[in-house]
Amino acid sequence: MTTPAPEDRKDTMAESAAEQPAAPADAKRGPSVATRERRSGLMNPSGETPYLVVEDLTVKFPTADGVVSAVNGLSYSVPLGRTLSIVGESGSGKSVSSMAVMGLHDRKRTQITGSIRLGGDELVGMPESDLMKVRGDAMAMVFQDPQSSLHPLYTVGNQISEAYRVHHKVSKDVAKKRSLEMLDLVGIPNPIRRFKQYPHEFSGGMRQRAMIAMGLVNDPKLIIADEPTTALDVTVQAQILDLLNNLQKEFGSAIVLITHDLGVVAEMADDVLVMYAGRCVEYGTATDVLANPRMPYTWGLLESIPTVSAASEKLRPIKGLPPSLLNLPSGCSFNPRCPYKDRVKGERCTTELPELLPVDGAGAHTSRCHLHDKASIYEAEVLPRLG
Amino acid sequence: MSDTVRPIDQSAARGETLLRVRDLKMHFPIKESVGLRRTKKVVQAVDGVTFDLKAGQSLGLVGESGCGKSTTGRMITRLLTPTSGEINFKGTDIARLKERDLRPFRRQLQIVFQDPYSSLNPRQTVSNIISTPLRVHNLVKKGNELGRVQELLERVGLNPEHHNRYPNEFSGGQRQRIGIARALAVEPEVIIADEPVSALDVSIQAQVMNLLEDLRRDLGIAFVFIAHDLGVVRHFCDEVAVMYLGKIVEQGPREQIYGAPQHPYTQALLSAAPDLGTIRGVPPKERIRLVGDVPSPIDPPSGCRFRTRCWKAEDICATLEPKLEGKPQSAPGHAAACHFAEPKVDLVAEIA
Amino acid sequence: MLYFLGRRILSALSVVLVTLVATFALFFIAPTDPAAAICGERNCPQQRYEEIKKGLGLDQPKVKQFADYLEGLAVGRTYINGGVERECKAPCLGYSFKNDRPVLEMLGNRVPVTVSLVAGAAIIMLTVGVTIGSMAAKRRGTAGDRVLVTSTLVISSIPYYIVALMIALYLTIFYPILPRGSWTPPTDNIGKWVAGLVTPWLVLGLVNMTQYVRYSRGSMVETLNEDFIRTARAKGLSDRVVTYKHALRSGLIPVITIFGLDVAGMLAGAIFTERIFDLPGLGNLVLESLVNFDLPVIMGTVLVSSIFLVTANVIVDIVYSLIDPRVRLS
């Protein structure tokens, strides 16, 4: 199969993004239709029509020390009513990629290529004045730390009303009514009193509820939640996750949930995308990725988490440190830390970047790994250790 | 013994009680003014904590923010002076000792902090950071310092040749190792680990957890392990104390706390912890969701402090504070402070 | 709020008192002899010298003099000079040694001049400074930002009196583009008031403005990196609203502290500006009184300046609590 190296791929993708409705003639000179479709992100684990399509997204920051490749050829898609969880450690590119989707990156210091389509509209290269209209309206974001993410000097009500009035030409009273509805919807008791209060008068959980109310005030079809519960206590986290789940059931929005916590993923996600060093290394439904993972990094993550349900005797951490994004290892980015690379013949792991391929030859569960007996290694070696 | 770090004096054999904490309280006064009047109020951060720590044991203190777990840790290491109560370390009550008399005990009770970035002085080399306690406590002859520093660095899994580097040249996990090496330098018998891994990434967290585990096994150091992450505590601690609003509400052996928790708060905590098991095995049959937030420690609820969020609360809970005690059905050493304590199983997913 | 004001007024009074004691002490530590100065230093007959001294009250013990001064401030006092009794009502600041006029009246003539000058300059300083600073912060890292920051640095590194003097010479005298400085009370003729002050306003305001460009730029750059700014952008607000509504309000907080103290400082001593533009303000009065060892006038100006400073501090605190709901006045 002709699998172009990532550098070449950028060109082909730029081309295909430009010629939106891909002409059949293209298929002949480009990669096979199957590869193309998979790469284009149109196919997603659920097989439904996606609302958000991210295709071959690359985010680079030129710095004094060189170019940081924060995100490299990332493709995924999310249909309405489904939750995709992007998992990774710090520096994996999970937050950077979502900031790019929202168009919140610093335009002057960031180079973005690839395609981000929201309900069919291309967001990459969209003028800021148009993007502004989409941001906060069709797509909204819920941030990690509600303490610092709400403006300390404006009342909560003021901030929610403002979010509504940016996208709706309505009077202050109408906006206030809408905000009160939202506060009630996210389970904040006594909305009328709360409306007039400042963020510091709210508890952590209430602040995150207010943040969610603000995000949802315009009925967005896509919600990006960036570690929405990391700053919260366990019992409050459970409340907020339930709230997000219920709101999704009610409004049917697509959710992209960014988190490092596989427990949260297990509770929330329909689909899971695992990122490592700026690339997607495994992508599939939650059951695919968490119960039948097919990539040594995912195995490593599962083996290193102490869970409440299993008191495994010894954690098996992934050895070493994540690579510098200024200087990625050749071949598979995970190879310096991978305990299984000896099982791949030759030097493929260190010389050749593995493609993101279906784990069983076809299907929507994909992983980026040269190992050919991934299923048997997982069943025979990894699973027993997970207890 | 081939180990590079000397194990502690073996007289403190496993099983002997090292630390007896009795009715420990920390009340912080705060001032508030209403109009021209000024009122004094008290934050009851810790209000009557009692536990024992045996040599080589690992006791987990779990709870949500504001429950007083970190304050307790700081009192035991005497970074804070308790309002009242007893901290008996090997027969001496150190709760009110003066700084000078405290010194020998400081050596034996070390603390490792959560934030590996702010807890190391950025202007000192690693060698300096680790050797300062050695000098303060006269633990090493002049000239041997570097050797000892390198030994310690190797023990915590860092390259001994990096002793001349500054903290900012290390990653978060490596800095936490430096913090651990600093604590180890004085050969302590007890380490208070205050959220030692919660600032670290998952894969790095496991590395540091395993290091602590090794230290515990090889050197027989006893740990008071403070964390909010129930998974981490289950992994590391053989005894667990659950705290809520300044008090211990349930305490017992790990298997009991996780397998058959009796206090409604413990049950709620376990039920709320998002768990991988839900996807890889049988999800729990029941989910408990608490409503509302933790009340303020300035004016805590009367009687049982958990009653405002408790689904079992009755009139007696508001009037009579439940004692932390073993119930008839409890396993030995398992105590809960609840009028209606009853064990609940099935709160945690079963892995198939 | 009440508690806060009560406490602040008490502490303000003590600050003023300490300042007065210090000024009084400093005056007598220095080799000053007002009586000799009035009498004419060369050939002053001993008797005449003693008379003058007695008339000024300088023959009394120092502590008594100071106590009398405070008494005058609080309840008023009676001056007896050459057999003439004069009632000086509270707050009595005494009479000038030099020209025997009541100090209160002299200050009353001078304070409006300085207040007019400083108020205008302060408005220019804050509005222009913060606007340019915010613009620079919004464009941080660009060439325009660098030009702005560098030029403000250059201007503020030239001593202020040189800039002021050059402008006064070149723009009002050699090439009379701007009107020369002069004082007309605004109650007499508001047009003339403005015309006489416009040049000093511009000079004092614009030169001091350069610091505010840098303060507010620094503060704004910091604020623009805050999480809540990202939230504001995520709502779909335009860059303009994000910068000038969300960031500016937080960014202003540290600037206001400096501003309050700066204004108080300027009120106490816009000496260069008043001298160069020939405005009969407080600064000029301070200078004259120092030259003449005119103790009551010196004490009077110090009193006024310290009241300005203390008031500015209280105002800053109140403004703080208005901008930032987390700050409670207690």
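All chains are identified by letter, namely A, B and C, in their written order; residue positions are counted from 1 within each chain.
Note that contacts are C-beta pairs under 8 Å (C-beta built on N, C-alpha and C of every residue); 3 or more make two chains touch, one makes a residue touch a chain.
Small disclaimer: the values here were computed from a predicted structure and weren't measured.
For the pairs A-B and A-C, the larger set of C-beta contacts lies at A-B.
Chain centres here are C-alpha means, and the one lying farthest from subunit A is C. For the pair subunit A and subunit C, the distance between C-alpha centroids works out to 57 Å.
Computed centre separation for the pair subunit A/subunit B is 34 angstrom, with centres defined by C-alpha atoms. By the touch criterion given at the top, residues 89-90, 203-206, 233-239, 241-242, 260-264, 266-268, 286-287, 290-291, 300-312, 314-319, 321-322, 386-387 of subunit A touch subunit B in their complex. Within the complex formed with subunit A, the subunit C residues making contact are 141-142, 226-228, 230-239, 246, 249-250, 323-326. The touching residues of subunit A, counted against subunit C in their complex, run 102, 104, 108, 128, 132-137, 140-141, 143, 145, 148-155, 162-163, 166-167, 198, 200, 211, 214. Chain contact summary for the complex, subunit B toward subunit A: residues 64-65, 171, 173, 201-207, 209-210, 213, 228-232, 234-236, 254, 258, 268-281, 289-291, 293-294, 348-351.
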